[in-house]
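Some structures to go through are shown next.
In what follows, chain A forms one complex with chain B and a second complex with chain C.
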Partner chain A sequence: MNIQFEENGTVLICKLNEDLDMASANLFKTKVEQYIASVSFEKMVFDLANIGFMDSTGVGALVQMIRLIQGRGARVRLTGYNEEIGDVLDLIGVLRIVGAE
Partner chain B sequence: MGNGTLSAIDVARLYPTPVFIYYADKQLPEWNQEAEKVLQLFPGESMEERLAQLISWVELDVGAYAGKMDSSILTKEIRLNQEMRFYEVITSPMYGGVGEFEGIMLVLRDVTALRAAEARRLEREKEETLAANLLSLLAPKNWIAPTRWQVFGRSIPARALGGDYYDIIPIQEEKKVILVVADVMGKGVQAALWMTMARQVIRQAAARYRDTGSTVEWIHQSLFRDLYHAGAFITMLFMVLDVESGRITYVNAGHHPALRIHGEQAEFLSGKGPALGMTEKPGYTVNFQAIQPGDTLLLYSDGILDSWQADGRGLGKEGLAKVVQQARLLKAREMLDGIFKAARAYPEGQQRWDDMTAVVVRRE
Partner chain C sequence: MSSKEPEKDVTINVDGQVWIDQTGLVRVQNPNGVGRYPVVSPGQHVTVYVDGEEIREPVVVSEESKVRIVPEEVPALSEIEVILSSDELVAEVVTRFGPKTEYKAAPTEPAVQVVVEGEIDREVPPGDISEGEVVQALQRAGVTAETNLQEVLLALQEKRCGRFVVARGQAALNGEDEIFRLVEPKQREVGEQDLVNYREKSVYGVEIGRLVAIRAGDVRGKPGLTVRGKVISAKDGKGLAIKVGHGVAVKGRQYVATTSGRPRWDPVRRVLEVLPVFECKSVDLTTGNIHFPGDVSIKGDVQEGFIVEATGTITVDGSVYGGHLMAGSHIIVSKNVIGGTVEAGGIQASLKSVLLYLSPLVKRMQDCLQAIEQLKRNPAFRFKDLAQTGDGPLFALLMENKYRDVPGYVEKVIQVGTEVIPELVKELKEMLLGPSITKVNSLDEVAALVDEMARKEQDIQESVARTAEVTVGNVQNSQIVGSGSVTVNGSAINSEVRSGSNISVRGVFRGGTASGFSIICGELGSPGDVETEAVVGEKGTISAKVLHSGVILRLGTVISKTVKLELQVKCRTEDGRLVVERGRF
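Presenting the complex of A and B:
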């Protein structure tokens, strides 16, 4: 799973460079969990501009990370997703738990 | 050699796997670098002792190969620290330019990982077959009211087990029929277990049905805590058909909208809400529509839309609407055949595909 992290003040940006699916979901969770364990931030942005596909396991992994981050009192924002992924995130209700900004 | 031809050991040195060359006229063999590592696995003070152990391990009798043309293959195991390693041992006779027997070539191939993968595959297949047999016993029955209604469902998992679920549950002396299509996050045994649990909860909810809103609320309450803590979710379209009036009431929990065909018009029915397990207070909305004589209604899972076609794109909502429209005059069962055929247009196994489920409701 190819992920890049970038810290910008109190914002942590997590850029996914590979489709989030059954094959990559566990590694995605491990990498995010490991990274956020040692940094402090007020907002986390998942940049999905470089991914073209997300299956239900991938959505589940993303939801788990959103809850983990929200549980730490930080906000989450999703950006850059394509129309197809946006439709799925909207349909399942993920955009609703992230909230609009 | 000096004449430009490679000797057997020169060839062996190019091999990425352990190779031993035993000559008919020499006491000691030759071996390549990989073989050196294998020899270290055997106990012994000297290299001769280790070689003797190796010969005994592979049950080698060089002389027995003289005059033979065939290779022999056997699998041997050896304990390395606490771990068992498995090798495929291939023994082949070697003959010189004038057909004289020169010795044998012993090639070892470490198949430990392959065997472990095979064992895991067999175990998974066994588990999935057992569960699939169980689930086939749970498959819902189609429902027909002669000259009035036909309700047919079908589900094809991508693997032996899937996370899709559909149900057709007549209630109130068949005055109403509950229709459900649900898709559990993920695949395989875990998704199938969630699906079985959801089925159980939905069946219990159906047995105590009073109205659509409170029934879905009860399903949500029953599943939410477990789903939430597991980080899982289920998308579900829950619909109740009133057989007499043709009225449908439904709640959409994160699922693709039902498709209604009325005459030549195709319409995806509105109404949406979060998937089960997504949020504690989903605030589901109950929606109402009517199915008129001649209308068709289709409930389906995302596998039907997403399955890749020959052009590398999914069938999509537009493609699905077209298929169902073209098949609108067919019987429900034939329509299902058409939908699944369209959704699986590419060669199986060559492209990514998901569980596929569809329920067709036809009012005659």
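Presenting the complex of A and C:
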């Protein structure tokens, strides 16, 4: 799973450079969990600009991470997604649990 | 030195010219002096070459230019095409004809600018198409259905373009959903002068051997056939699951009474039964309390302290003195209820509670299934992982996020519906409660459950609509409760009257509380300020021919106490205010 993390003050940006599906979901979760364990931040942004498709395992992994981060008291935002990915996130209700930018 | 004057320039400036002669050749004349060179442009039905290059725009030419015109030659067209509709239920033949057309360059007058156009030189009619060629084309398209070529052949003969239906398949006919109909005896027509006997309404009996109900509908679907001979499958309609209760036998698709009594159809439990009728002279020490699974008919009175409970209707020809009547259906007391309690339609209250949660649950689940359909059509969502896991994780994902309110509705339906819809409650527990959501293998299972929920919701709506009504003569110091309307043919004194629908008191309602959707009284309250209260909802109305002072009127959140005697009034609310209309109602 190709993920880049970037810290910008109190904002942690996680850029996903690969589609999020059954093949990449576990590695995505592991990398996010490991990274956020060692840094402090107030807001985390998942940049989904490079995601072409997702499956239910991938969306499930993203939801787990969102809840984990929210559980730590930080805010979560999703950015950069294309219209079709936006529809997927909306239909499953992911956009309702985070603020969309 | 010569005295000769210098020669004057006598050159005349003349523009060049270009033209097409009668043989179709291009002629060019160069300009004189500083005159313009002529220009050639290509027009329709010709190709023009200047110095070996095809020109597409105006080009300057001179006598030295090699200009060549090649006129267009459109080949003859005679062809047919077989077109099948997307559902392969219609085969059409398209005929296309056109003559061979030979063009030549049209002659022009000399001019500085000329557009070379082609004109028709000769037309040759198109070739023939035989019936055999049509038949072969249809065979190549795989058409096996019977064809009608009459119109096509006529068009071929006339060399006419057109599109002609030559064969039709047979569309599949889906079966109808089975319907269930109670066979009620024909009602006697009521004339204007006739008195309506309210005791007869919606209650009728059958004798042994009588037809009680029938199932109808052509459930089996009829398969169709495409023009290529492929069978189109048809869906069968939904059959009805009907349970036969007491007093009913099934004869094919007919239900026949095996005992005399009153037919009753319970749309929620889907049970058809003929309720027996228990008859007695009076309810007193000789009979004791009555608990009867059917209708009870009491020819006399119900004495103080006795209970009459029936799953069907209760009819009392006399009075109720301090007795307690409880019926699943209507209650009719011809004379008086004094110090008694009358309750009709207890189950409807439970069913209404179920509807409170079942209706939104059905709506949310239908929305959820629709969302999944939309996801399936979204190219950015892949389903490969579900081949391994089944549909459970996707379904759970939606339930945990966008439809997270659904489990709450499920729990409520289970809580309030256990007694009245036990089978549906069992299915809800198995599929939609807690961790069972993730165990869903296929969304088809969920869709089937949602269909079942929607049917049950409809059944309950039907059942609730058939509310149990109460009709009594006079009421005093009593409690009257009906899930449907309550009618007091005389007066109600110091009593509590509650109705899920409308309350009608023909005489006086004095002392106590009347609450319903709307209330109509001959006289409401008393001159002596006996505490009287009328309660309706925000959209309800309270009407009275005589409305005394001191009556408390509650219309939703609007509360008012009358301060003077009013005649012919109707009270309602508008924008949170009490509105009193006067006149005959």
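As a convention for this text, the second predicted complex is superposed on the first by the 98 of 101 C-alpha atoms of A that agree within 3 Å, B and C clash if a C-alpha of one lies under 4 Å from a C-alpha of the other, contacts with A are read in each partner's own complex, and residues count from 1 in each chain.
As a convention for this text, a contact is a pair of C-beta atoms (placed from the backbone, for glycine too) under 8 Å apart; a residue touches a chain by one contact, two chains touch by 3 or more.
As the structure is a computational prediction, the values presented were derived from the model and not from experiment.
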Discussion item. Both complexes share chain A, so when I overlay them there, do chain B and chain C fit or clash?
Written reply: clash
Fill in: Which of chain B and chain C A:Gln64 touches, first, second, both or neither
first
Practice prompt. Considering only touches as defined above, state whether A:Ile97 meets chain B (first), chain C (second), both or neither.
Written response: both
Item to complete: Figure out whether A:Val39 sits in contact with chain B (first) or chain C (second), or with both, or with neither.
Response: neither
Worksheet item: Looking at the overlay, what does A:Met22 touch: chain B (first), chain C (second), both, or neither?
Response: both
Worksheet entry | chain A residues touched by each partner, larger count belonging to chain B or chain C | C
Practice prompt. Check whether A:Ala49 is in contact with chain B, with chain C, with both or with neither, and answer first, second, both or neither.
Written response: neither
Fill in: chain C clash site on chain B (candidates 74-82, 92-100, 110-118 or 164-172)
164-172
Worksheet item: Touching chain B and also chain C: which chain A residues?
Response: 22, 55-57, 59-60, 63, 91-94, 96-97
Worksheet entry | List of chain C residues in touch with chain A within their complex | 371, 374-375, 378-386, 388-389, 393-394, 397-398, 400-404
Worksheet, complete the sentence: In their shared complex, chain B is touched by residues of chain A numbered 22, 55-57, 59-61, 63-64, 67, 91-94, 96-97
Worksheet, complete the sentence: Residue set of chain B touching chain A in the complex reads 163, 183-187, 231-233, 235, 254-256, 272-275, 278-279, 282, 302, 354
Worksheet item: What residues on chain A touch chain C, complex-wise?
Response: 21-22, 52-57, 59-60, 63, 82, 84-85, 87-88, 91-94, 96-97
